[in-house]
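Here come two complexes built around chain A, the first alongside chain B, the second alongside chain C.
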Partner chain A sequence: MTAAAAARFAGTDRKKRRTSAAGRRRRLAPYVFVLPFVTIFLAFSVYPLFYTARLSFTNWRGTGAAEWVGWDNYAYLLTNPAFWGSLGNSAVLWLLIVPAQMVLGVLVAVLLNSAKLKLRGLYRVAFIVPFVTPLVAVAQIWVVLFDQRHGAVNAVLGLLGLPDIGWLTTGAWAKPTLALLFLWKTTGFIVIILLSGLQSINGSIYEAADIDGASKIRQLWSITVPLLRRTIMFAVVLQTLAVFQMFAEPFVVTQGGPYNSTTTAGYYLYNHITRADLGTGAANSFLLVILVMVLSLGFVRMLRAKD
Partner chain B sequence: MTETAAPERRTRPRIGSHAFLMLLLVAFLAPVAWAVVSAFKPAGDIVSSPLAFDPGTFTLDNYRAMLQDVPIGQGFFNTGVVLVGKGTITMCFAPLAAYAFAKYRFAGRNLIFGAVLVTLMLPTIVLIIPLLLEMKALGWVNTYQALILPGAVDAFAIFWMRQVISAVPDELMDAARVDGCGEFGIFWRVVVPVIRPGLAGLGVLTIMNIYNDFVWPVVVASSERMATLQVVLSTLAQNITGNRIGADYATVTGELLAASSVALIPLLVLFIVLQRHFINGILAGSVKG
Partner chain C sequence: MLRHHLRRRTLALAAATAAGGLGLTACGPSITSDKDEGGGTDALRAPDTDAPSGEITIWDRSGDLFEVFEGVIDDFNAVYPDIKVNHVAVDIDAKLQNTLITGADVPDGVFLDDAKISGYTDYLWNLGDVLQPYLGDMAQQKIDVNTVDGAIYGVPYDLNPGLLFYNATALEAAGVDASAIETYDDLLEAARRYKEAVPEAGPIHLEQSAFLGQLQLEMYASQLGTSIADADGELRLDSPEYRRILEFLDTVRAEGLGTRAEYLTPTDIAEMDNGNQVFYPWAIWFSFAPQQMLDQTSGDWRAMELPAWDAGGARSGAMGGSSFVLPKDGANADLAWLFYEFLMFDEVGYTAVWGPNPTYPTGLNTSIPAYEPAADPTAPLFEPVEALGGQDLWSVATEAGAQIPGGAPIPAWWDGAVDYLGNDVQRMLDGDMTPEEVIASATEQIQTNLVDRQ
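After this line comes the complex of A and B, so read on.
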């Protein structure tokens, strides 16, 4: 009896020892799992971020000694018309892009959401094609299409008896041409986001509206848009971030010209790098982050206020 | 409402919506289609009659000239190296770290994950200057390391995979543990098979992002030997807008359209084959901001 008890005791003891070894492994495992990520994250995200903060208070030009200049870089930018001009250019692009994109996006998403629509799959694929094509390749095609003398767009205008437009060579048209590129490239993406929002709306609400005799347009405005407001706001925030960071489009298509009319906030920041004016560039990137965050929070608050 | 009137009232708007959608479809596909078709026209014709296409004049001259003048092979090769290197690192280490964040309690978990969320909101351009300096200090400018390592396990991949793995029931993992499975074994044999659709979405999104990435490559590796496909392409348009003096406009245009067509094709094929995963990936990716 005692022998059996002792054996049983020894057994539980052995078992306990085994589970504690497993427990130790279980406690250590997560550290091992996150280690590769944390190493890369610290080296290439966290460290550079703190470095930017420091750099923005110096006048370092990439070589030699860095001199501490306090808030000078920020003061320089905030009193510089070129900095405000770059923000203004981005703001105009925002106005040209975001409202039009939301209207178009909602219309297309609502049409595609109807289960009875024929060719639904074809439309969906076709609208996302621009989004998956490489921006640089498309931006170059834009340069050729919108060329004033040889481009296909002016050739179409010619057929319609309309005069040539200097799409990329006049300050007035360069922004709309870039806006068109951005709209073309990203509207399919917005449609997918809105479609995912639409799928969470209960269909029976439309049946009730049908019975009440509400027209389709009335239903769109009074039912769909209000119920979709969160998704729309989400899309607006995403596109605001994207428009204010826009860089590759002006880099490839217009190099910021003509007369700086397409020097966006993102492109202006890049100019500091090419001039090795790193302190100012760092300060500029922080100002841009603050602006983008304030805008995003503003949209979120607008959304809350209406709730 | 009579029964005969109902379908009639419904068909008219449907014709209208098809007309609207078809118009958009043409607008969305036309630029790409025009470029691909025009690349097979004689260079002079692209410039003189951009809207016409005469199958009799079909030519591969633009492709020949492009292959001669543009280091597109090198561009594809470099992009391929980055895709394999960076893609492998992302696909191995992001789900693994996300597994730890989703299923274990450990010191520093909330701190690290909070930092991940903050970097999600930061515009990428904020990090460009200090990263470039870091690369200079390491002697990595114009190297594959510089193209591969920064952002190799990006915050978004962690965030998304954590969401996906959180949905895996703990009971599955406990059962495996009782069966004597080790901690990594649980991840590899229990979690990975369950989250395969999420992994496919992440894979497709990762390929798309790496293939299309432009800003970081153009800043850190713009030498001819290291230029990725997108960087190679970007120099062509600048030739057209006048940075290269004496270049013949028609020839450069023909080469540019040929090069752009070639660059478009791999992703388009991938997209058409893996549509569903693309759409899942894009939807999840939209959270990134």
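After this line comes the complex of A and C, so read on.
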């Protein structure tokens, strides 16, 4: 090898090394960029998930060593009427809340989206106020309003010659009363979501419908609702998650009573945790996750099917 | 090809995540295949120096009681100048469990409901040795609720004797002599007579909250020297005592002698203020109601010992109560013991708690000390209560407290029993179950869902 060839070779080698070092850096760069996220994700999502899975097969009560009990916690829950009762309560609340909230939400959003409506900004704020009001304060007002003997609601019923209702003290009425609280508190939030969906609908579609002589109701049914379907489904999934995880409302208003009739799936889970039955609580949370996941996937599939 | 490659990478990533996650779970509690023996028996020793020094962290609930304890710290430091007290207001129910499990920033002393102590014993010092000099002068009920497997885990704080609160003005107007009430039969008779005079009345309070209803039921049971389970955790619901209590409550319901209301909700307050509800068998802390909640009848109410189940029987039972526990992971639990010893057993300490103080100018009158020398009927710590017509509540409560029988421990699963016993009692008060059905149903469900799963 001549000196020139050797120098050329050395230069190529250096270049190759530089190129391969740069290539390595390029290949590594994405991993370095995602490393902070992955670390946090592992610590705060993956680890708790596996930790909970492990706990769900033990009878750990927060003290001492945990005893491995296999599938006992799952078997206990799946054969326990109280567990199914809590799911049933959540299902009934879902039926009372979500359909009504979507209908109400769409109507209010359409109204608030109308250019003819004066003081739109004021109404929008008014609708979101309940959502940002602390639940504990609202709950106290609810307890006073719906008090059986001395509440304002029964006082009005009395003026109409109707009998008192045990809104918060009878199994039949406690769920609708709680649903009403949830509706009042969260419908404003749903309205905001639907309003953003409405504002993405091209106005020319309505102009064309006007020219074709379609009535406002026809436009609502044939244009607004179909074009809002994705937004509505998003809201339905959100509220399904919220209803099945509902905890604060029964906790502050009814404490799950009367007779566990307002013990929601989330509240039932909370009871296991606070009573230091952590193994059963972990199993309960897994069953709840599976249920909510199945429901959410079902809604997403419904959405896709129409697309 | 690319899809296969991506799928392989996805699978590899998922496997790596799963492996990492599984590896991380090793950081949790150790798992055994046998029942853990548990039962921490480490006995706390008091500091063996004449000039103890260091820093202690004390957790109390936020609110009035926090302010009261805060006010005692200066007195404590006058005796122990080298112990610095970090007094912290904490949501104990929300934080204690996690703190004890993780072992991070564990306080040296914690204010805790008696009903919760047995659930934490593995993490707490056994205080049997340090409490020994005081046990002979302690309310037996408080020793029982703090004792698990022979070890004592709490420094008893307060005694909450059950009393019969009554609207003296309304009863007098109806011609009912409250002073003649000595037994529960007398109470029923007085309620019947009041209802004759005031037909719309439901004279006796029937609690509508499942939790508080169970707590009240346990007050009646404590009066009879029993509780939901014995010291070995054996259920005692199927007993003549519980049968008798439930039958009494069912009689009140069946004869229309009760007002169904949740403690101090609008209905409850209104029914007291309008004179429909005139008998309130409850713990001493009900005295808060005439002082703060009742508009129309504040000043009309009085307190007396509970009626006895049999003539000459005990005239009170315990309803609620709290103690101080000392976690083993606390850095200076021995110094925290000195703080609680001063607070509960030193005259300066307990006088500062129950006597007139900046938070309670006439004294703390919603409980009495569990330490008998401090609960002397002739040496009142708090003053007569204006809202009870100037009555000397101290002497009534301390005399009642002295009669509370022992033998009523609280099992670790007490709260969980509310789902069964508490709810079934409510069903009975709504007329949907008989006392026998309550006993059978609650016994079976508590045994299956709580006792057998410990």
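General remarks:
In this section, the second predicted complex is superposed on the first by the 260 of 307 C-alpha atoms of A that agree within 3 Å, B and C clash if a C-alpha of one lies under 4 Å from a C-alpha of the other, contacts with A are read in each partner's own complex, and residues count from 1 in each chain.
The rule is short, and it goes like this: contacts are C-beta pairs under 8 Å (C-beta built on N, C-alpha and C of every residue); 3 or more make two chains touch, one makes a residue touch a chain.
Being a predicted model, the structure only gives us computed values, none of them experimental.
On the shared subunit chain A, the superposed partners chain B and chain C overlap sterically. In the superposition on chain A, A:255 makes contact with both chain B and chain C. Of the two partner chains placed by the overlay, neither chain B nor chain C lies in contact with A:102.
Within the superposed three-chain model, A:271 lies in touch with chain C and out of touch with chain B [touch as defined at top].
Using the contact criterion defined above for the overlaid structures, shared-chain residue A:46 touches chain B and also reaches chain C.
For chain A, the partner touching the most residues, choosing from chain B and chain C, is B.
By the touch criterion stated above, A:243 is placed in contact with neither chain B nor chain C. In the superposition on chain A, contact of A:144 is made with both chain B and chain C.
Applying the stated contact rule after C-alpha superposition, one finds that A:55 touches each of chain B and chain C.
Between chain C and chain B, the overlap after aligning on chain A sits in one stretch of 74-82, 92-100, 326-334 or 344-352, namely 92-100.
Comparing which residues of chain A touch chain B with which touch chain C, the overlap comprises 46-47, 49, 51, 55, 62, 143-144, 147, 150-151, 255.
The touching residues of chain C, counted against chain A in their complex, run 17-18, 20-22, 24-25, 27-38, 93, 97, 100-101, 119-123, 208-211, 260, 265-267, 270-271, 412-413, 415-416, 419, 423, 426-427, 449, 453. By the touch criterion stated above, chain A contacts chain C in their complex at residues 42, 46-47, 49-51, 53-55, 58-68, 76, 80, 82, 143-144, 147-151, 169, 255, 257-260, 271, 274-277, 280. The residues of chain A lying in touch with chain B in their complex are 22, 25-27, 29-31, 33-34, 36-38, 40-41, 43-49, 51-52, 55, 62, 104, 107-108, 111-112, 117-119, 122-145, 147, 150-152, 155-156, 159, 168, 184, 187-189, 192-193, 196, 216, 234, 237-238, 241, 244-245, 247-248, 251-255, 266, 269-270, 272-273, 278, 281-282, 285-286, 288-289, 292-293, 296.
Interface of chain B with chain A (complex): residues 13-14, 17-18, 20-21, 24-25, 27-29, 31-32, 34-35, 46-51, 89, 92-94, 96-97, 99-101, 104-106, 109, 112, 115-116, 119, 121-134, 149-153, 155, 158, 177, 182-184, 187, 208, 211-212, 214-215, 218-219, 229-230, 233-234, 236-238, 240-241, 249, 253, 256-257, 259-260, 263-264, 267-268, 271-272, 275, 278-279, 282-283, 286, 289.
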